[in-house]
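Structure below; questions to follow.
Chains here go by letter, A, B, C and D, matching the order in which they are written, and residues are numbered from 1 within each.
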Amino acid sequence: MAKIGVFICHCGENIAAKVDCTKLAAALGEHPGVAVSVEYKYFCSDPGQESVKKAIRDNNLSGIVIAACSPRMHEATFRKACAEAGLNPYLCEIANIREQCSWVHTDGDMATAKAMDIVRSMVEKVKRNNKLQSIEVPVTRRALVIGGGIAGLQAALDIANAGQEVVLVEREPSLGGHMAQLSETFPTLDCSQCIMTPRMVETAQHPKIRLLTYAEVESVDGYIGNFKVKIRMKSRYVDMNTCTGCGDCMTKCPAKKISSEFDCGLGKRTAIYTPFAQSVPNIPVIDKASCIYFKNGKCKMCQKSCQLNSINFEMQDEFIDLEIGAIVVATGFQVQNTAVYGEYGYGKFPDVITGLQFERLASASGPTAGKILRPSDGKEPENVVFIQCAGSRDPSKGVRYCSKICCMYTAKHAMLYAHKVHGGKTHIFYMDIRAAGKGYDEFTRRAIEEDEASYVRGRVSKVWQENGKLMVRGVDTLLGKPVTVAADMVVLATAMVSQPNAKEFAKTIGIAYDEYGFYNEAHLKLRPVESSTAGVFLAGACQSPKDIPDSVAQASASASKVLALFSKEKLEREPVIAVNNEATCAGCWGCVLACPYNAIEKKDIRDRSGRLIKQVAYVNPGLCQGCGTCVTFCRSNSLDLAGFTEKQIFAEVMGL
Amino acid sequence: MITQEKYRTTVKELLASGSVKMVIGYKPGSTPDRRRPLFIRTSEEADQLVLDSTCMTNLSGYLVTEGLLSDEKRVGIFLRPEGIRSINILAAEYQLNIEQIVILGFDSTGRDVRPLEGRNAGDFSGLLSEIKEKPVQTSKEPLLERIEKMNAQERFDFWQEEFSRCIKCYACRQACPMCYCRRCIVDSNQPQWINTSSHTLGNFEWNIVRAFHLSGRCVQCGNCDRACPVNIPLRLINQRMATEVLDGFDHFAGLSPTQEPVLASFKKDDTETFIL
Amino acid sequence: MTRILFSDKLDNCIAKWRSAGLTVIGPVQGESLSGYAAVEKAAGFEFGMVLPERPLKELFFPQTEPMLRYTIKKNEIDTTDFTAPQGKRIIFGARACDASGLAIDDPLFGWDYKDEYWFQRRNESVIVTIACTKADDFCMCTSLKLAPDSTKGSDVLLRPIDKNRGWLIEELTDRGREAFAIISDYLQESSEPAVPTVVVPEKFNLDACVTWLQNPENFDSKFWKEISMRCIGCASCTYLCPTCHCFDIQDEGDTYSGIRRKNWDSCSFALFTMHTSGHNPRSTQSARWRQRIMHKFNYFPGKFSVNSCSGCGRCSRQCPVDMGITETLQEISKL
Amino acid sequence: MSEPFEPKIVAFVCTYCTYAGADLAGTSRLKYAPNVRIVRLPCTGRISPMFILKALQKGADGVLISGCHPGDCHFTHGNYHARRRWMVFRALLDFTGISPERVKFSWISAAEGGKFADLINSVTEEIRNLGPFDQYQQLIKETESPATL
């Protein structure tokens, strides 16, 4: 006989203001099988939990229903309380009468009636709950870090320095990511490459890190602790084992006019190339699309120049299969294509450039060796206009969100320009200056006060060319007057957006993403570095726009999550898995086909003499993730899902 | 008659050579217009074989009788094209090994019966594809057309009337080659998803679930329809569902012995215009 | 001289019976199925058919019948009983086999526990049987030592006169006499002869069959497997049988209330004897078919001294695979 | 004026998307009609056609089924399987006279609290306009009545 305890939480006023909890408790007290029905201000509080535990012990309850907030909030809390009171934690159900009742309805009577249905239905469910035991699965102690930018490097190094194996996959020929492209970094103005390249080298040389550059994740199967990952090693056409990175091939390569991705189109590279001088590994790749040999079948200048015979035009993509316990996704961002703003003239006027291009101009290793020169004529600009929010905070053409770093880097650009071009003038059109962060506001003040950056609050409506000048028309909203500035160069603070293939890639790994393609964290506040998929963690700008300190912090946080996971030999998992009734299974194998995880196998049923009687489905508890797709497919109702059994759901509906 | 005689000889040869242990066919029934299933194991039994246009029953369900195929010996069976589709599905759903089945195919137009070329399921793939592309029945059944013209309320009334007669004898299920489950969902009582009582509600539930379980699997052999002792036009529902999966997923049930079950598979671009 | 009810007076009779509070029921040809149903006018009847497809038993033992309503409270369960419908009724135009079926089942429903749902209806029903003047290939009452004009289970037997103009009346019971007294104004004396009843050939030797069935050695005969090989295990034979009487009791409802129902059940189903453990003492279809035959011609007569078959032939007529009692007993006769 | 008809609607939703979306509607304090009762399941793949029939048996005037958008399924494919089943089952219900207007399907992500609230309102309104599902309720009533003959 069921002895169910019903605990109705007021959640302060959150529930009690709309739902008549006293009436609810009284009604549930009359429900068949309910032994205790009580209300309290905050059941999640310590005394609240104690009272639940006491009720379980005193009444020898066979199950409990907590009518409170969403199970997504406190299911774990109350399951733990159950366990502490000696009740199997899976004999606890949560009736969500806050998020899905008191907060969303205006009529108290209606809300109370609905709450009553919700709680009754959960009582009927919990009566049929089974005592479940969590499932133990082994953990492969090897992490996969996807992305070799600053976030990926940080995560890989943190995990490796703690003694665990890491495989770092980078799709470009070199580590570095966007940070390697930057000139100096705010708010300290230290040289980006000076702090970045030592990390790259350290990563490459770390005994615990296996570095796979020019490689992409092809597929991810499995689950937390036990992922099976296939990596595609794109063919470099250069033998990594023999190449010493002497660079002779690059010098000889006749295809020299290829726009350099690393220099954002401001510089040129050869067909056989390393993205930049300090590349790690310092081993070139052949860009097949630009290589004269691959286009015409003639050339092979690189091969002829290579003394170590490292060039191999026959090289094919290779696949590596990895067993992985945890994944850190650090796939970064891209700069929004600013061509959407026709009025700014990007792409039309060569001297309208993006912030990232400005970084390359300002970088000592950049195409101008750190001199600020106009792309059109190579002259030093005397007057530079910066346009902030060129894409961010603009639901009509750009993105709705704030890209977070632009205020800071624009201030930095103004300062770098002032330092490099004495007497140069800067105008910065802005909406707001968002300089929250350690030393950030001081930094922007310095730009204004010491480096005479002239901030104009307002948006730019048009940029056009007139007499060799870029005319920038905007409005100064503080003065309420239109302004026109004649500039030699215009720098757009473009938005940070997700990688072009971010959504497809998320599907490959099986994680959730938002409408912009940024990866969703499991909980924005409380689980900010975990993805929606267990065992997959997020680091850096693939989750949302971030600056370097935030990316590094998140990467270290992800690393610590990975290390926490690796601290155990076995992992406990929710026992929500499918089970098959072998007596009734007809062996049609529809479930085998329907299972997204290949978790269902064919099992032979033999008699005592070993003769095969029949084959039935067997659900591998380690692989089953508990979606229940097989259960619904099963025509004979032989499959069932623990935690959401047919009986439970039937009772839930019948209890409404 | 010629077809029947030829097939009698064929059956005898098959049995004599030991290439099959049994042939499932038809023999005369209790009245001149009736035919009974016949299980031929000897030459004498083969003489009872009848093959004419009144041989309607799809015999393929007998192949999954427990133990029949477990000795891995081959069994011959007389099948119309729909019957061949049935055994393809049974093979695709791992209920039988298609290698064990020797098909004695036939079809009829009016009173004429003609043999179908081939012995193995694969031999008929061309024929089945043709049937898929050019359904024999070009004009829709008038009743089906009538139902499709009704509004929801009228349709409900129509089926309520039909299902109210159902006595839950499960002849439809037992006659269907696709209903091979060891335990039918109606016999699963924890929980009792389908009310066992044969009041109209329970009958409604049973018939809807039956039709759902046959969606993408029914070959419209008509066994259920003919078996129903209270004359519910069951074929219409199944026919409607066959059209649905053909139009929606280009799925023609039983086209090959390796066809993926339509409801255990999906395409990412499956239609979803109905989803809000 | 016998009394005659002329067909053209039937409407008056129906009106009279109805005003006397009787529900008038008889053979009706529905759009797609025939059976016994209530009518208001004589035109609603269809006397031309050999036998309605649905059996008469369902008017006494419906396919599903509510027994009680239960309401689950915290500490107790309230129940309210359903009773069989009250009110007298006259079944006009039953077939002799259907009427016999009722008489065959009477001892079963009353031997230890008196089934009130059955007897309430039995006591309030007048069975007026019309002797058969035609039969089909499946009719076999004579093989069961019954006849097209058998009076078993009937309160009145009517014999058709020429050209379907009416029926000669044979009142068999007081209940029958009472019912016909109500319509006495419309009856006429006549010496017109009745149309002879149809000759139904005997299909098997019942005594020989019963002897074979009673021999314990034949319980495990190979015959059972052979004869039932094509049986698909549906329940159409049992459900349409005028004497099959097995039922199952089911509770249907939600958390708070429900109905306990008495539903037809059938020995054809594997589930009929399935144990909770999964073991099934009648695990094959042949065992189940054997049970049906044994029950009808061995066990039932052993207990109630009557065969549980009235020879209507519905089992064979409706069988999807052309099986039935006739064929089985014919084959046994040959053994 | 008589009281407006308050339809009874049962919703079957997946926990990862639509249930989370419903929670988001709550945390955003959006207001919507109180007619829907939610049954939470791990995935739309777990939502059996049987559930819909049982909801109707419990007297629901409408049924709502909702889960993750295609491609967003926490279990990668569950919703694709569900989509096929629904399409077939919906056609079946339609053919037997259970109007598709009473059985609604939707995709609502964890981020679409607003869509959830709007959908509940619009579905409630539509079912309200359709009126009670008298025909089905008549079947239920019939099971509760004594035998007629």
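Of note:
The definition used in the following text is that contacts are C-beta pairs under 8 Å (C-beta built on N, C-alpha and C of every residue); 3 or more make two chains touch, one makes a residue touch a chain.
In this text, all values refer to a predicted model and were calculated from it rather than measured experimentally.
When every chain is reduced to the mean of its CA atoms, the largest separation from subunit A belongs to C.
Among the chains in view, D has its Cα centre nearest the centre of the complete protein Cα set. Note on interfaces A-C and B-C: more C-beta pairs are in contact across B-C. Subunit A and subunit C have CA centres that are 73 Å apart. Subunit A and subunit D have centres, each the mean of its CA atoms, that are 32 Å apart. Mean C-alpha positions place subunit A and subunit B at a centre distance of 51 Å. Residues of subunit A found to touch two or more other chains are 583, 594, 633, 650-651, 654.
Counting partner chains per residue, subunit B shows two or more touched chains at residues 192-193, 195, 197, 199, 202, 263-265.
For subunit C, residues that reach two or more other chains under the stated contact definition are 252, 254. Taken as a contact graph, with one node per protein chain and an edge wherever two chains touch, the assembly is complete, since every chain touches every other chain.
Interface residues of subunit A facing subunit D in the complex, by the touch rule stated above, are 70-72, 96, 98-101, 103-107, 110-111, 113-114, 117-118, 121, 503, 507, 510, 512, 514-515, 520, 532-533, 576, 594, 596-597, 625-629, 631-633, 641, 643-644, 649-650, 652-654, 656. Within the complex, the subunit B residues that touch subunit C are 29-31, 34-37, 39, 57, 61-62, 162, 165, 167-171, 173-175, 187, 192, 195-199, 202, 223, 226-227, 229-231.
On subunit C, the positions that touch subunit A within their shared complex are 72-74, 253-255, 278.
Considering their complex, residues 10, 15-16, 19-20, 22-23, 25-27, 29-32, 34, 37-43, 45-48, 51, 54-55, 58, 71-78, 81-82, 85, 110-111, 117 of subunit D touch subunit A.
Across the complex, subunit C meets subunit B through its residues 32-33, 53-54, 63-64, 137-138, 229-230, 232-236, 238-240, 248, 250, 252, 261, 263-264, 266, 269, 271, 316, 318, 320-324, 326-327.
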